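Here it is: the structure, laid out below.
Each chain gets a letter, A, B, C, D, E, F, G, H, I, J, K and L, in the order it is written, and its residues are counted from 1.
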Amino acid sequence: MSKHAYKVVELVGSSTSSIEDAIQAAIKRADQTLRTLRWFEVVQTRGQVENGEVQHYQVVLKAGFTLEGEYP
Amino acid sequence: MSKHAYKVVELVGSSTSSIEDAIQAAIKRADQTLRTLRWFEVVQTRGQVENGEVQHYQVVLKAGFTLEGEYP
Amino acid sequence: MSKHAYKVVELVGSSTSSIEDAIQAAIKRADQTLRTLRWFEVVQTRGQVENGEVQHYQVVLKAGFTLEGEYP
Amino acid sequence: MSKHAYKVVELVGSSTSSIEDAIQAAIKRADQTLRTLRWFEVVQTRGQVENGEVQHYQVVLKAGFTLEGEYP
Amino acid sequence: MSKHAYKVVELVGSSTSSIEDAIQAAIKRADQTLRTLRWFEVVQTRGQVENGEVQHYQVVLKAGFTLEGEYP
Amino acid sequence: MSKHAYKVVELVGSSTSSIEDAIQAAIKRADQTLRTLRWFEVVQTRGQVENGEVQHYQVVLKAGFTLEGEYP
Amino acid sequence: MSKHAYKVVELVGSSTSSIEDAIQAAIKRADQTLRTLRWFEVVQTRGQVENGEVQHYQVVLKAGFTLEGEYP
Amino acid sequence: MSKHAYKVVELVGSSTSSIEDAIQAAIKRADQTLRTLRWFEVVQTRGQVENGEVQHYQVVLKAGFTLEGEYP
Amino acid sequence: MSKHAYKVVELVGSSTSSIEDAIQAAIKRADQTLRTLRWFEVVQTRGQVENGEVQHYQVVLKAGFTLEGEYP
Amino acid sequence: MSKHAYKVVELVGSSTSSIEDAIQAAIKRADQTLRTLRWFEVVQTRGQVENGEVQHYQVVLKAGFTLEGEYP
Amino acid sequence: MSKHAYKVVELVGSSTSSIEDAIQAAIKRADQTLRTLRWFEVVQTRGQVENGEVQHYQVVLKAGFTLEGEYP
Amino acid sequence: MSKHAYKVVELVGSSTSSIEDAIQAAIKRADQTLRTLRWFEVVQTRGQVENGEVQHYQVVLKAGFTLEGEYP
């Protein structure tokens, strides 16, 4: 982490295929409003099951974006 | 939790009567700006005391709202 | 806790009215199979929200029942 | 929390009716000796069960009292 | 999570190829006895190594199944 | 831990003489129903006191048994 | 903490000189948008090193601001 | 734990021979002033080493005594 | 930590200037009654903010004093 | 885990493609000096983001190697 | 802990007879390379079971040795 | 944190004057052997007290150094 000031937000993303996809989904969706996301940390990994099959993975992330980026 | 993308916020509400009221107070107040709140989780329960009586309960919540809801 | 041997199970109950009711719901429901429940500990308190109102409370419990009770 | 110096004690109270009553019971009882209790935080909520009914709730609190109050 | 009562069990699954496969293995195996599994949460991810290569991944899950499902 | 699928249960055992005895008591008692216990991890160590003497030790364990063992 | 409703945000500040400066940097920077910050709690203290010297300290804070303050 | 009100204190005891002895040492010593100790929970187990030999074990306990017991 | 028996108390101190001053304030104030304090551990660091400036730092400590010291 | 003595080290690996690759990278790299690595446990999963895309995953591991292996 | 600089390592020892023996085994074995070990803290206690009997105890320790001691 | 592989070590430093000095002392001392230290994280802050005055601060750090740096 560089010497910027950050704000940290908590996000939840989901995917039917993999944990990595669920992470990317959370970041992509958030990035529409938060253009300066720089890093994430996985807080929790979970999912839903039907008939003994994982239906989708859900990943809770903490994600940091630079405060500078808010004032273009 | 369904397969939506969520943002999670942390809120503090208080009530002079009960823990459930303090939860509801945090959610009601936040809901004026965050219309798509879907779930909460209690992070901490505390309160203030005077003359040996609880004056009010304070509850810290994590609350999730769907990101879709931000774009009506 | 007395000197019995215990098995500890994790249960989730819910109620539209209060945290205490959600605890009781988890215990009542479990007690149909686990007749010797002796104590519980709240692990997590959460709930669901619609239109800015709590719809129901959910409480996750660890609950201990005496192993002796399994062999009537 | 104001700028006083505090000592923090850990207390356990119980009630047959509610979590809030168990909190108040711990504080009331402690307040006979600790007249300057100012705030509490719930550390653990648990209880005892008999025949599938909660017999009483027990709440473990951290409670802070001002050190100034000890020297009237 | 809907308003059902749940029991939560802890499971360990393993796979030589991926974390997602280890999750699925735990759920599939448990589902033979626990037909109403609804969700899981990853508690721990680990694995075994030989000659500098991961031999298999092991994932510890908490998994919730509806109590209603036990009485067909 | 080998590559088996496990189920993890939580057990409480007690002994008037030592922590090791309390561990063994929990495992022995559980083993009457769970014949394939393979490992344990101590979650909590506590006990009861009377007249300034430890009356008995209580140990809370997580214990893993192979799911294969359930189908002889 | 008084009986207001709060929202809690997570912030990261940094300083080349001290932990206190890094705290103040996070708060000053955030305060440009969040004028009603009332309290903070340090979540993590870390930093970066070059040639055996600390280059800067980074402090992760939770910070609470009154929700009332958003509607002047 | 019965339905009494408790105060919980944190104690450290040590022994050159065993963990159980260190627990007993903490309780015995505290019991001179705190005559109504009822239970303990081990918070931390550590020790000191010299020349590759454990010199003594130190055990940190939380211990609960009934508040009633203070007023004989 | 030497082989003494200790009692551990939790203290909160505050200072307008630094974290170290808040630690010292908690210890000085407690030391009027607890003359045998030997060590402390920081449990939490927080503070209050006004107009974007830290007003004071608050530090929660666990502090250990030798039980021998109570009987001069 | 067998009955060997182990030393546990903490490692960080990274990969642009997956969490599993980041785990393998940490282990491969460490294995050049630590030839007797036997198991790992994931401590933290995080990553870096640019323009709304994950740039690389970083995984923090605890990894155990047998002490016997150090003396060939 | 005195005012030395320390490095902390994590070790795992095992014993067929007791927790104390497993601690001593970890320290003895490590001490062949780390001659200046001064203290340890138990991080986890676990073990393996066969036919309802504990086969051996495993203890994970954090152990601190003085850095000065490395340069005789 | 960049995309290097890291090893993480745990260090303890101390200072009679400030927390920042204790951090620097741990890093300086370790850096004689570990020339590629890049970042640290504070794990614990504590200290020793005599006659109601802090004698010295002790800071426990996790510190990461690049594995590449080991092979000059």
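Just so it is clear, contacts are C-beta pairs under 8 Å (C-beta built on N, C-alpha and C of every residue); 3 or more make two chains touch, one makes a residue touch a chain.
This is a predicted model, so every value here is computed, not measured.
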{"item": "Duplicate of the C-F contact set - from J-L, F-H or B-C, the pair where over half of the pairs recur", "value": "J-L"}
{"item": "Interface numbering overlap (same over half, different under half) for chain J and chain L", "value": "different"}
{"item": "Angle (degrees, nearest 5) of the CA superposition of chain H onto chain J", "value": "120"}
{"item": "Gap in Å, rounded to a whole number, between the CA centres of chain E and chain D", "value": "39"}
{"item": "Sites on chain A at which at least two other chains make contact", "value": "1, 9, 19, 48"}
{"item": "Residue ranges of chain B touching chain G (in the complex, touch as defined)", "value": "9-14, 16, 25-26, 29-30, 33, 46, 48, 55-56, 58, 60"}
{"item": "Chain I residues within the chain G interface of the complex", "value": "18-19, 44-54, 57"}
{"item": "Contact footprint of chain J on chain A as seen in their complex", "value": "19-20, 23-24, 27-28, 31, 35, 37-42, 63"}
{"item": "Complex contact set, residues of chain H against chain D", "value": "1, 3-9, 62, 64, 67, 70"}
